[in-house]
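In the part that follows, the structures are each spelled out as C-alpha cells.
Shared between the two complexes below is chain A, which pairs with chain B and chain C, respectively.
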Partner chain A sequence: MWTRKASILGAGGVSLVLVGMMMSNFQMMVFGVAFVAFLAVNSWITGHGDIQVVRTLSADNLYKGDDLYVELEITNPSWRRTQQLEIYDNIPHEMKLRSGLNYMRVNLGPGETTRVRYVLRCPLRGHYSIGPISIRYRDSFNLFSQEMYVDHRSDLIVFPQVREIEEAMVRSRTPKMYTGATTLRTPGPGTEFFSLREYVPGDPFKIINWKAFARTGQLIVNEKCRDAVTDVFILVDSRDISRIGTVLKNPLEVGTVAAASLASYFIKRRDSVALAVYDERLSFLPPDTGDKQYFKILSSLAGVAPKGAMPLQAVTNALSSRFSRGSPVFIISALEGDGTTIPAIRDLAGRGHEVIILSPSSVDFERLVSRIPRTSYEVLKLERQNRLTALAGFGARVIDWMPDVELSQALLQVKMG
Partner chain B sequence: MAEDVAIQGEGLETLHLKVLRRKWQILALQITATISLFSMYIMMTRTYGVCDSVESSWCPALDHTLTLGVIEQFLQGQPEALSLPIPDWMTGVGNLGDGRYWMPLFVISILVAGWTILGLQTAKLRRQVNMGILGAALLYLAGLFVINWLIGMIFSFELYLPFGQIDTNRNHVEYLVGPLLLYIQLFILVFYFLPVISGLLGIWGMSKSKISWAIGSTIIYLGLHALLSYEGVRSTIELNLNALPVQIGEATEWGGLVAPEIVPLLIISLLMMIFLESGFATIRYVEYAFKLPESCKKDPEYVKQFDNILNIHLQQTVGVTFFVGLVTALALKFDDLIVDLVSVFEGSQWSEQVKESLELQLTYGTVISALIFVIFIAGLRYIIPWPRISGLIEKGIRQIRDQSV
Partner chain C sequence: MAVPNLSSVGNWLRSPSGKRMIALTLFYLTLGLLFSTVAGTYIVRSEVHQSAYGEDWNDLSSFRADIKEQGITTTSIVSSPLLLEEIQSPRDTVFVVSGIERDTISLPRFSADSSVIQLVEGLGYSTSEIEAISNFVERGGTIVVLDDFGYAQGLADDFGLGYSGHQLYDTQTWDPDLDFNYVWLNITNGFNYSSTSGSRTNTNPCLADADSDGTPDFLEGILGVPTSSDLALCSHRWDSITATYNMDPGYDLLLNQPSAFDKDSAGENADDNLYPIGFSTQDAYLDTNNDGKLTVGFSGTDAGSDEQGPFAMYVKYCRSRNCDNPDSGRAYFVTDGSMLVNSIYDTEGVESGVYGEFNKTPDSNDNRRWALDLIAEALMSNDGNGSISEEAQVIFDESRHQQPSFMGDTYNLLYYILIYFTNDWMAMLLMFLGLFVLFEFIIIKKLDPEPWRHVFSIIYYGYGDSRRYEYYGRANKIKQILLTRVRNVNSLTREEFDALPARELQKMVNDPVLVKFIFEDRRYSMEEIIAVIKRIKTWGRR
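Coming up: the complex of A and B.
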C-alpha cells in the first residue's frame, strides 16, 4: 500500500511533468521524472511480513497480582530482508506492562532472529489470551507499507489470590471446625487394610493378594477402608449486584479470593470441596479433593463474571440432593437484592448443615465509588445489620466483611446467633 | 517453561538520547543531510542565480548580492551617504561565483550550531537567552533614539516631536535608520537563505516542520523561477531573468547519457531527496529510540535492531540515490533507443510516423518516453526478484564472514 508520502510524491511528480509540458519547462519535467523514478526504484525494495513467531510465557496459570514474563522469538525464514518491520504483540487491556515493551522495530536479514521480552502484571483474575501479533512492514523511506497479523495466541488463566487463613481458623471460637481425613469401617478407596475378598473381573491387578493366591490357588484381592473426608460446600454469589464497588474491590472480587482461600485451606487438609457459583444460572463443581480439584476450582473462579439475578433459594433447592448430610456450607454473598436469602438459610440450617456466611459489606464497597449521604448510609447499614442478625438467629455463623479488612481477620469475627 | 523465558538483558551500548547524538550512524545521516542541503543550495544558485545579461543591475534570481547591491547603491546616492551595516566580506557582496555564498553559509552554520547547543540547555537558560536576544534587539532598535530624544527634551525644557524639526539636532528619528538598515539587511539574507537556515535547524534541532519549511521554500523558489522565466511572462514584463533553454540539447554528459542542461536539475532533485530522506529519517529514528522505556533502551536486542535499521538506511540511501540517478538518466535517453529500434523497421509507414512524432515533439517525446521507461522499471520487480537476489548475496556474505571467524 502506498503511504501518504508516496502518494504526494507520485502525484507531485506526475503534476510536475504535466505542468512542465504545458509551460514548455523541461526543468519541471526532469524533477517530475526524478520523483517518479524514486518511487519506481523504491518499489523494488519493499519488505515482507513472512516471519515465524514463537511466544513463550513464564507460566500458563498464575495468581492475580503476579508478573508474567513473555518472550517473542521472531525469525525471518525467507531469503529476503524484512526491511523495516514493526512488531506489536497484542495484550489484554486488563494487563499492565511492568517492564520492557510489547513493540519493536526491526530490520531482519535472511535467517536472522530477534527476541522481544517484556513483563506483564496481571491485576485482574480471568481467562486471557495474548496475541495475535500485529505486523507492519515498510521500506526505509516510508513509501510503501503493509499491515497484517500473525495469528499466534497464548492462553493463560489468572487465578484469584489465595490468602493464608489457617491461623485465623485456629484462633476462631471453634478451634478446628471440621475434621480432616478419617477412616470409616466401610470398603472403598483408601490406605488402610479392610478385608480380603474374591477377585471379580474389573478389579485392578495391583490389589491382588499374590500370597493368598499362592496359598489358596484362588484370586483374592485386598480391600481398603474408605478414607472419609468432610465435604465442604462453597457457594459464591456472582449475581450482577455483586459488581458494586471498584474494578479491583467489589464483593465478587473479594468473594472469589475468599472462596479460593477456603478451597485451598480445606483441600490441603484432604477434605473434599464443592463449588457452586450462581449468577444467571448455577454452575456446580461436585465435591472432590486433590490438586486436580483445586485447579478446577481456581479455573472456575477465574472465569466468574457478575451477571444475572438467581435467587439463593433456587440454588439451595437445586443442590439439596447433592449436599452431604451435615456438611458445612459456606455462602459468600453480599446478601443484597435477594428476598429468598433468609428462607434459604433457614432451610439449610434446618437440614442440619452448618452454615457460614461470609458477607462483603456492599454498602461500604459502594462508598468507594460514590458518595452516600451519612443518613442514608446509616439507614442502609442498619438494614444490613438487621438482616445479618436475623440470619444469625437461624443458627448461621455470619461474618460482616468490611472492604479494608483482611480475610483472615474477617474470619475471626464469626457472629453467632 | 518458566526457565525458557529470559529476562531482558543489559548491554554496554544503550539507546539514550545522549548516546544517540554521538552515534556514528545518526551523525552520518545528519552530516549527509547537511552536505546535501548545502550542495543543493549551491547548485540551485548556479542554475537559478543568474541574470539574463551581465549589465542588468538586478533581477529576481536566487542571488542575495544583487538585492544587497541595489540597496547599497541607493543608500550611497542619498545626500548623507549611508551604507549597510553588515560588511561585504560577511555577506559575500563583491565576490564572484560560489564565493558569494560560502561566507553567509559559514556564518549561518555557526549560528545554527549555537542555537542547537542552546536547545540542549535547561528551559530556564533557553528562556533567559531568548529574552536577552530579544531585549538586545529592541534596545538596539529604539534605545539610542529614545534616550537621545528624552535627554534632548529634558535639557531644552520643551516637548517636541523627534522629526520634521528645523534644528537638525532635534531630528532624533535618524538614530533609527542604522538599526532599521541592519534589520532590513538581515531580513533579505534570511529570505534568500531560508532553505538553508530552516533546513539546518531541522536537521540539527530535530524538527520535521523546519525540514518541511526548507523543502517548501526551495520548491517555491523553483516555482517562482519557472513562472517568471515562462515565455508568456517574459514577453510581458522585462525581468532580465536567465531562463533555462526550452528544449533539451544533445546528450554529452555522463558518458553521453544526459544533456548538459539536465545535469544540474537532476543533481538538484537527487540532493533534495537525500536531504529530505536523511533529515526525516534522523528524527524518525531518534524519536522511536527516545520513546522506548528505560529497560528497552538498555536491551542489546533493541540496540542491535536499531543499528540494523540505521545501517540499512544508510546503505539504501547510497544505493537508491545511485539507481534513481541512473534510471532517470536512462529514462531521459529512452527516446533515442525507441527511435533506434523503430529505425530497424525503416521504410514502413508506422516506423516513420513514430519517428516523426518523437522527433517533432522533442522535449515532450523525451519526457513521455522517460515515463514509459520508469513504469517499465517499476514493473521489472515482478520479473526480477531484487529482494531475493540481494538477500541471497547478503546471506552468502554472512556465511563467508562466519566461516572466516
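Coming up: the complex of A and C.
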C-alpha cells in the first residue's frame, strides 16, 4: 500500500512531468521523472514479513481479575533483513494492558530473534482468544507499507471469581440438610471401612485384604460404607433482562460469581452439583462432583451471555424429571419480567425441594446507569418487595442481594416466609 | 469428496452471500464486456492505407524512399499535429497529409466566440490541431494535403477552401486504359498562379531560370554532367540516359477516384493568396446526388442532376503574393488522397510486380515529379546555390491512419491525449484542475495506516426502561402495589382478597390516609403521592 508520502511524491512527479511538457521546461520534467524513479526503485527494496512467531501464556484458564503473562518470540528465518517491521499482538479489547506493550517495531537481521513481553489483566469473564499477530513492514523511506497476519491464536477462559462462602453458609439461616458427603451404615462405594467378607469372583483385587489372606490363607476383602451424596441444583437466570446495570455490575455478572462460589463450596464438600443456565434456551449440566465437574461449571459460567426470555416455569418443568427428590435448588435471578416465577417456585416447593432464591436487586442495578425518579424508584422497590414476600410465602428462602453487598454478606440475609 | 447437491446450491444462491456474489459477478462481467468492446476497437489489427511506412500498393513507401534517397530526414507524427508547434525550423519542414481516415476525438476547448467553450469539434482535425497546422504555415512551413472523401474539410476551411465530398467523373480526361475512376489532371503550367501573374517558375528552384538559357540557375556554372550532389533535390528532373534536364513546368497528374473543391470556395482569390492551379475539364461532373453514376442534366438547375465542371482540383496557398518569398509558408491541396500511393506514383515498380499483380497498370504520369518538385520548392534554397538545410525534414501525418502494430492505435490514442493535455489551453486548464483535485484527494483521503495500539474498552450496555418510570409514578399503580402488599401480609389468595368486603379491607389497612387513598378516586399532587409512598413503606413494618 502506498503511504501518503508516496502518493504525494507520485502525484508530484507526474504533475511535474505534465507541467514540464506543457511549459516545455526540461528541468521540471527531469525532476518529475526523478520523483517517479525514486518511487519505482523504492518499491523494489521493501522489507518482508516472513517471520516465525511463538506465543507463550502463563495460564490457559484464569479467574476474573487475574493477571496473564504473555511472551512473544519473533524470529526472522529469512536471509533478508525485515526492514521496518511492526508487530502487534491482537488482544481482546476487554483485557487491560497492565504492563509492557503488545506492540514492537524492529528491524530483524537474518536469523535474528527478539521477544515481546506484556501482562494483561482480565476484568471480564468469558472465552477469549489472543491473536492473530498483525505485521506491517515498510521500506526505509516509509513510502510503501504492507500488512499481513500470522494466524497464531491462543485460547483462554476467564472464569468468574469464586468467593469464599463457607462461613456464611454455616452462619446463614439456609437449611443444613445438605451437609456434604455422609456415610451410611450400609456397604457400598465409599471411603470409610465397614466390614470384612470373603472374596467372591468379580471383586476388584485392590480391595483384597492381603494381611488377612496371609493370616488365614483365604481371600478376604474389605467392604466400605456407602457415601451418601446430596445433589445441589443451581439455576442461573441469563435472560436478556439480566443485563440491567453496567457491564461489570449487573445481575448476570454477580449471578455467575454466586453460582461459581456455591458450586465451589458444595463440590469441596463432595456434593454433586448441577448447573442449569436459561436464556433463550436451557443449558443443563447434570449433577456430578469432583474437579472435572467444577471445571465444567466454571467453563459454562464463563460463557454465559444475556439473551432470550425463557420463563422459569419452562425451566422447572423441563428439569422436573431430573431433580433429585428433596434436593436443594438455588435460583439466581433478578426475578424481573417473568410472570411464571411465583407458580414455578410454588411447584418446586410443593415437590419438597428446598428452594433458595438469590435475587440481585435489579432496580438498584438499574439505578447505576439510569436516573430513576425517586417516586418511581420507591414504587419499584415496593413492587419488588411484594414479589419477594410472595415467594417467601411459598416457603422459598429469599435473599435480596443489593449491588454493593458482598455475596457472603448477602447469604446471611435470608428472608423466610 | 462430497458433491454439492442442487438444494444446497439453491440455498446458497438464495443466501445474502450468494446474492452478493452473483451481483458482483454480473457487475464485473458487464464491466469486462464494456471494456473489451471499447478496447477491441483499438486492439484489432486493421488494414493500413496511405501510410508512408507501409510497403503495400496503396501506401506511400516509394515516395518516402525517394525523399530519403535525396538525403532528407523523414519522420512521422502518430499522436497529433499539435506537435508542429514544437518544430524549431518550420521553414525546413514539409508536413504531408495523405488521406485523413479518422475523425478527431471531440474534447472541450475554449473558443473565441460568444460560446466561450466549444464542446464539439469539427471533422478531421480538432480546432487546436488546425490552429497548430495553420501556425506552422504562418511560420514558413509547407503542408501537403491530399484527401478526397476523408476528414480534411476542417483544415481546408481554415484556408478558405471547401471539399465538395462528391466523386468527380470527367468524361474527357478519364483513363480508358484503366477505368472511369482514374482521371487525369492536366496542368499546362503548375506555376501560373493567377490570370495576371504569368508563369512564376522562378518560385521553384528546380525551374528557376533567370537567364532563360534552359539551364536552371542552381546548375549554372557546372560543366559537364552534373552529379547527384549538384542536382540536389531536383535530381528527379535529370534524365541520365539522355543527359538532359527537364524544364517542363506542366504536369499530367493521374488521380484515382478524385473529388473536387466547391466552386464557390475555390475560385481565384489573389487577395487571400489562394491559387487554384489544376482544374477538371468542362465535361467533368460531380456526383452531387450521390447515386454513384454520372447524371447529366442542365447544370445547376436540375435538382436530380450532377453538377458540371470545371472544378478546381489542385489549389496552392502561399503566405506571400504569388509565392515570391521562398521563406514564406505554403499549402498544397489536392482533391485526391491516393495520388502518391505506390501503384500510381511508382509505375515502374508496378510494372516490375513489386506491389503484386494488377490487371491493368497505370500509364506513366507526373505525380512523382510534381511531389518532388514541391519538396524541392519547400526545402531547397532558391538563391541559385541549391543548398539544403541540415534540418530539412518531411513529416508524414500518421495520426489519422489506422496503425498496423498490435495496440498501435491504443498507443496513439494515449499519446494523443497526452499531447492534447499539454498543448490545448482548455485541456491544460482541465489538467491543472485535475492535478489540483488529485492533490486534494490525496491530502484528504489518502491516510497512512493507523498506528496500532491496544484500547481497553468494555462495551457499555447499560440497560433500563425509562418509559416505565412515569407509569410507576401514577396513583393507580401505587394503589395496586399497596393492595398486593396488604394481600401478601395477610396471606390471602387473590380470590380471597377479591371477595373481601370493603369494611374488612379498611380494617386490614387500618390507616385512614391509606384507606382514603385506596377508596378515593381523584388526582394526587406530587407531594401527596410522596406522602402516600412513605406511609406504604412504613405500613408493613408495624
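Throughout what follows, the second predicted complex is superposed on the first by the 328 of 417 C-alpha atoms of A that agree within 3 Å, B and C clash if a C-alpha of one lies under 4 Å from a C-alpha of the other, contacts with A are read in each partner's own complex, and residues count from 1 in each chain.
Here is the rule we use: a residue touches a chain if its C-beta (ideal position, glycine included) is under 8 Å from a C-beta of that chain, and two chains touch if they have at least 3 such contacts.
Every value quoted in this text rests on a predicted model; they were computed, and no experiment measured them.
Enquirer: Just chain B (first), just chain C (second), both, or neither: which does A:54 touch?
Expert: Neither: A:54 stays clear of chain B and chain C.
Enquirer: Determine, under the contact definition given at the top, whether A:21 touches first (chain B), second (chain C), both, or neither.
Expert: After superposing on A, A:21 lies in contact with both chain B and chain C.
Enquirer: Touch test for A:305: chain B only (first), chain C only (second), both, or neither?
Expert: Neither chain B nor chain C is touched by A:305.
Enquirer: Does chain B (first) or chain C (second) touch A:30, or do both, or does neither?
Expert: So A:30 only meets chain B here.
Enquirer: Pick one for A:107: touches chain B only (first), chain C only (second), both, or neither.
Expert: first
Enquirer: If you lay the two complexes on top of each other, which residues of chain A touch chain B in one and chain C in the other?
Expert: Common interface on chain A, chain B vs chain C: 21, 24, 97.
Enquirer: Chain A touches which residues of chain B in the complex?
Expert: 1-2, 4-8, 222, 226, 229-231, 244-248, 261-262, 265-266, 268-270, 273, 277, 280-281, 284, 288, 292-293, 295-296, 299, 301-302, 304-306, 308-309, 312-313, 316-317, 320, 323-324, 327-328, 331-332, 363-364, 366-367, 370-371, 374-375, 377-378, 380-381, 386-388, 390-392, 394-395, 398
Enquirer: Using the touch definition up top, name the residues of chain A that touch chain B in the complex.
Expert: Within the complex, chain A contacts chain B at residues 17, 20-21, 23-46, 48, 56-60, 69-71, 78-81, 83-84, 97, 99-101, 104-111, 114-119, 139-142.
Enquirer: Taking the touch rule as given, give the residues of chain C at its contact with chain A in the complex, in rising order.
Expert: So the residues of chain C in touch with chain A come to 86, 418, 421-423, 428, 431, 435, 438-439, 442-443, 446-449, 452-464, 466, 468-470, 472-473, 477-478, 481-482, 484-485, 488-489, 491, 526, 529-530, 533, 536-537, 540.
Enquirer: Hey, which residues of chain A end up touching chain C in the complex?
Expert: For chain A paired with chain C, touching residues are 1-5, 7-8, 11, 15, 18-19, 21-22, 24, 86, 88, 91, 93-97, 102-103, 123-124, 134, 136, 145, 147, 241, 243-248, 250, 366, 368-370, 372-376, 378-380, 382-383, 385-386, 389-390, 393.
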